[in-house]
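Each of the next two complexes has subunit A plus one more chain, namely subunit B in the first and subunit C in the second.
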Partner chain A sequence: MLEFVPRNNAIPDTSECIVLELIVISTINGVLFGMLLFLLSSGLTVIFSMMGVLNFAHASFYMLGAFFGFQLTRWIGFWPALVLAPLLVGAIGMAVERYGLRSIHKHGHVAELLLTFGLAFAIEEIVSMIWGKSPMDYRVPALLDFPAFTVFSTNYPAYKIFMLAVSGAIFVALLITLKRTRVGLIVQAALTHPNMVAHLGHNVGRVFMLVFGVGAALAGVAGVIAGPALVTQSDMATLLGPILFVVIVFGGLGSLSGAFIASLFIGLVQTFAVALNGSLAGAFGPLDPSFGPSIITDIWNVTISQIAPILPYVLLVLILIVRPMGLMGSRET
Partner chain B sequence: MRKTLTMTVLALSVLGMTAMSAAAEDTLKIGYIDPLSGGGASVGEGGLKTFQYLADELNAKGGILGHKVEIVPLDNKTNPQESLIQAQKAIDSGVRYITQGNGSSVGAALEDFVTKHNTRNPGKELLYFNYAAVDPSMTNEKCSFWHFRWDANSDVKMEALTSYMKGVPSIKKVYLINQDYSFGQSVRTEARKMLAAKRPDVQIVGDELHPLLKITDFSPYIAKIKASGADSVVTGNWGQDIALLLKAAADAGLKVNWYTYYAGGAGGPTAIKQTNLNHQVFQITEGIPNSGYQPAVDFEKAFRAKANMSLWYPRAVNEMRMFKLAAEKAKSIDPVKVAAALEGMEFDVLDGGKGFMRKDDHQFFQPIYISSFGNLTDKETFDEENTGWGWHLVSKIDTPQTMVPTTCKMKRP
Partner chain C sequence: MIDAATSVPKVVVTARAQRLRFYGVWVIAAVALIVLPFIFSSGGSLTSFSLIGISIIFALSYNILLGQTGLLSFGHAVHYGFGGFLAIHVMNAVTAHEWSIPLPFIPLFGGIGGLLLALVIGWVMTKRAGTVFAMISLGIGELVASSSLILRSVFGGESGITTDRTALPHMLGWSFGPQIQIYYLIAFWLMISAIAMYALTRTPLGRICNAVRDNPERVEFIGYDPHVVRYIAYGFAGFFAGIAGGLSAINFEIANSAYLGAAQSGIVLFATFIGGTAYFFGPILGAILVTYLQLGLTDVTTVWQLYFGIIFIGIVMFAPGGIAGLLMMHRPLVRSGTLGMVIPSYLVALVPTLALACGVILAIESVARYAQGEGSGSNIDLLGVPFNAASPLTWFAAAILIIGGFFVARISWRRIAQAWDRAATVARDRGYLA
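Take a look at the complex of A and B:
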């Protein structure tokens, strides 16, 4: 019989300095992770807000980006790969829109959703057929392989700062393009008034194709950049896919700023939750031993850090109950 | 002349065909039930290649009692429920032996299934050869006559690991981080118990459980380890959970020693090399490539040349070779007779030294090695995953020192 050990994880002799250290470091980690989430979800948000298509294959485009990035890095180096791989993924995205989504558009959103759903499986199988199922040896470029700064003797790699910068730049660029330029105006108009836009002499079909391409390319950028920082292997899409939906639903479907805030929030919540050791047992004292090892003692003794990974999904449920359109969303989901 | 030649060719091909069909009828099928898709696929594929290589090796020498050995791959997606479906599928296609390793949750389910099946279907018994599911309960309170384990169980590994740590005075503060399921929980429980007994001066400064194969970024956990002031980390993590953990540690510049069960699995060595933790990551196994023991070195060389991977599972070699010996001893491939022959069997293991299959609980005991990963000396010829780094022998624990008691009350048919 497995011996029952109370899950008392309390760290002894925790001085105030260490608490401060943990707060500062968790904040930085949370922001870094949040920005990565935004990098991943930006393309998904763009496609949804501009086309109304919930792209289930988004995480697969991200995976394609990582594998193309890995392969091109082998052949021509990281920096050219950072440009070429997203272009390739974008081209695939455009092809999917042109020859897949466009032809089934008339059957409504369910058909589109099912198409992207199937596509996600197809891409995963193709990737594991070509590259196998083991993780790739995809390394951070030598130019960025040094600690950028040190806080409380914890290093922050330059590469993570680079990720942060790219993510921030993409946010600003997208916001300006969509809100302040003619291109953004036409794209937004094409969603609500496609016939009017067409009558004004714009090719609506091409606008949609480009939007989908850009969304896929953004996923590609995320893949190339996140590949070396996380693992590049054929199940990476399934691993990150669900949390992207949490981000965009939480932020409000189709809202770029909402996705940005939601990414940071979820990043911080998850990071801080891991750092906390509190449990019901810690707050109210251990349960009476007569309960024995049962489901009640399990719940009683579980620490916040243990449930950290499911917190985003709890948040998803909560926000749907309290505010169904999400933080910054303008319509019901 | 031409006529005789034609006749000979004809006769030979007829002979060959009959030989082939006879072989097909007498094939000894082993169902390999492990993940071939999903998060565990990279390890599962490695295991499959290993067993196929071993089957080829046996077949080149006439198979087992003249039966050709065939490995039947069955994908269980690291899921206990799916494993039982696959096991039933195997039984329906005439399989009498199954082998499995990844995930003690799967292992426990299979052990239970096999036991029930054998009680209900006398004469159609199934044997379960376990090469890697190390949850101690499988050879203790849940033990079964129909289950044999070649990997040292988690308690044995922890016993050996803590015996080694006992002799390293620089260890003062230990942090435990493990996967939140039966195996990870048994690692942390035993680590606490054994460290308290062997090194009462050592402080456990953290004890973490995280979800199995779900974390993509371990930075928050690393921050916590750092804040705890630990100088050593003990972990039973496997697959991407160990690779990503080490990667996050390197990024943050965490300078601790790692005492691990599975740092050598797919992606692990690559991650350690990226982290630049030279000889700071320790692993506990039943064999290492650079042991210098000639038969093992020769095997490793031949295996790498053909399978294009390093030998993760020396225990699989022991398993298949002992299977052959047991069948020969029993003069039968009937599972009941083979099981009886395996009980208490002594065997010279691949990496040298004596091992034996304990009759009381069907746990195999063998010499255990602790090795560290890093720069190689001139004599150490094998690196891992093309990193240029490899495993260096640190300590060898002989069979008698690996013995742990069992609570198993074996029910024999």
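Take a look at the complex of A and C:
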């Protein structure tokens, strides 16, 4: 599901042009995937650093966004859906915070994590109950269904440029809101000194609820715009969820800039890995047949694109060994 | 001891009675496991008992982490799966080389497999506790599960690896072909593992695990490294999960990548938490309930997993102690004889709560049938009463049951809380902690 490789990659064998093309296309795709990851991980990180809650259902909000987007596109068209679906998802997120997380806050963070885990499970079941388990026919809107530009021989779809623009715009808006506005000031203050903010007369509970809702809505936006480009299917949350956690652990828990770097990094790594077809056997020639079918031949023959799905987890293990607090994490909590 | 006996004989009597009761519980459990197949002798129930036995071991091993040490793992099934795969490979090797290792010892190899994996991955994982540990366990669980699909020669890819359990050397004249013999094998390992895991909770190690769960900083001050304690606990949990995996491999004669996957990890978390993590018998209850529901609900409804999710959310929100916690809450009331004060309010609350549950079930089933449309048909058979999922009447009934049931039930729940307070006050006055 994470393949951003252009569909018409009938790449002939040897040509420098082709290699360059692969690099250019994979870089754009990698940045795009990274920005999508950041749309999700930014919400997750802000919610985590504010409430200490690891929202296991965050990827489920992304999935809900995609399915709501798909259904609303059918009923009222893509553009209204792009606005409405994230609002709906945000409302669900706020309800989850208000009626779920807030009431079990007293039982500690593990209980909150378990609640969101149960929610993620239930949401997946509800989605597959309503929409079934097969992929949806969620199409790119006709307005954006044309090639934006041609790199060497590959047509790059305009819709992906649109995705890049939307996620970029949200990133900038988020940054300005958090750093330059009064709302952002209160949110930042509530992150570190919730009691003091409450003493100053702000309703911290409502701030939490709004942040949770905005985080969910951002995930919803990511779902709506990623739905047509990726596969909209009831297992999309299960596939993306663990990668999100890798991103925020890798970047350092609670660090927004860390989440940004990690999102881009993991997006690029995975996109390049999917595009590469090399293996040890390809590089050094086939293994001596005397090894027979064993672990060594398995490792020898596996291609880089095959190990792409596990690369984020390998990175997770590496960062835990080298720098347990993550890239930009400040403390070991 | 003799001194104590002569001076305060009453204390000795109660101590002896307690010890008798303590061992009595285990003896009763063992006897129950032995006679169970005589009472329910059909093939289906034997299979169910075998599965329940395996999942009890698995859930108890999980509770070493969650309940004892406070580590919430989302990837516990990797040890279960690893144990299963090692057991399969050992069984095949025993058959191929004609070693004299009979089948009953195979689960031990499963345990070793789980332990080895735990020792390898545990050091990195247990560096941190709490939420971070949960995320890391999820990531590493995915890593192991995905790697198993790449290393085909060991894990057999999608189809898995099979074996023949009857080809191993027989023991005591048992071939371990029939399910009844497998059941007794599982029951035997269940008793051994349960006793071992219970004993573990009573050792100084078990106590220091609890301390690490409750206050790692203080543990550090008294000279223990919480990381090492967590690591050791992780090793034990991996070992017993591996035994469960090995038994599962023997039971099904196959091990595949589903053993290692996130779904398996999720089920054991559900079982343990629904049962209750604070008491040793909690995961046992949970494993019995969840396995039973898993086997029973799949025949009745297509969306049984959704019910799991709802039950789990309900437990997390309203009874974080799980079923065991709910039961044990009543102990002081039973002892002080004030249980009668809350029972009427329970009975009153039962009606609207059941109505609410019926409404939810009706709504879920209607949506499920409606969405799936043709094929499954739109007629629901709910507890013998037929409904038409497409008719507005059904939807209306479901809405009435949910909304009405919820509001009436909420009143009755408040009544329970009031009755509970009164009963608890009386119990406290009579000297029983509530």
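Points worth noting:
The rule we apply is simple: the second predicted complex is superposed on the first by the 304 of 333 C-alpha atoms of A that agree within 3 Å, B and C clash if a C-alpha of one lies under 4 Å from a C-alpha of the other, contacts with A are read in each partner's own complex, and residues count from 1 in each chain.
Assume a contact is a pair of C-beta atoms (placed from the backbone, for glycine too) under 8 Å apart; a residue touches a chain by one contact, two chains touch by 3 or more.
Remember, predicted model here, so these are calculated numbers, not experimental data.
Of the two partner chains, subunit B is the only one that A:P135 touches; subunit C does not reach it. By the document's definition of touching, both partners, subunit B and subunit C, reach A:P309.
Look at A:L44: by the touch rule set out above, it reaches neither subunit B nor subunit C. In the superposition on chain A, A:H107 makes contact with subunit C only, not with subunit B. In the superposition on chain A, no contact is made by A:V221 with either subunit B or subunit C.
By the touch criterion defined above, A:I18 reaches subunit B but does not reach subunit C.
Look at A:I321: by the touch rule set out above, it reaches subunit C but stays clear of subunit B. Once both structures are placed on chain A, subunit A residues 132, 238, 306, 309-310 are touched by subunit B and, in the other complex, by subunit C. Put simply, subunit C touches subunit A in their complex at residues 70, 72, 74, 124, 127-128, 130-132, 134-136, 138-140, 142-143, 146-147, 150-154, 262, 266, 269, 273, 303, 305-306, 308-310, 312-313, 316-317, 320, 364, 367-368, 371-372. Residues 48, 52, 54, 100, 103-104, 107, 109-111, 113-115, 117-119, 121-122, 125-126, 129-132, 238, 241-242, 245-246, 248-249, 253, 293-295, 297-299, 302, 306-307, 309-310, 312-314, 316-317, 320-321, 324, 332-333 of subunit A touch subunit C in their complex.
Contacts from subunit A toward subunit B in the complex involve residues 1-3, 5, 7, 9, 11-12, 18, 21-22, 25-26, 29-30, 32-33, 36, 128, 132-135, 137, 139-140, 147, 150, 152-157, 160, 229-231, 233-235, 238-240, 270-271, 274-275, 305-306, 308-310. Across the complex, subunit A is touched by residues 37-39, 41-42, 45-46, 137, 141, 180, 182, 185-186, 188-189, 192-193, 203, 205-211, 214-217, 219-221, 223-224, 226-229, 240, 243-244, 251-254, 266-267, 270, 274, 385-386 of subunit B.
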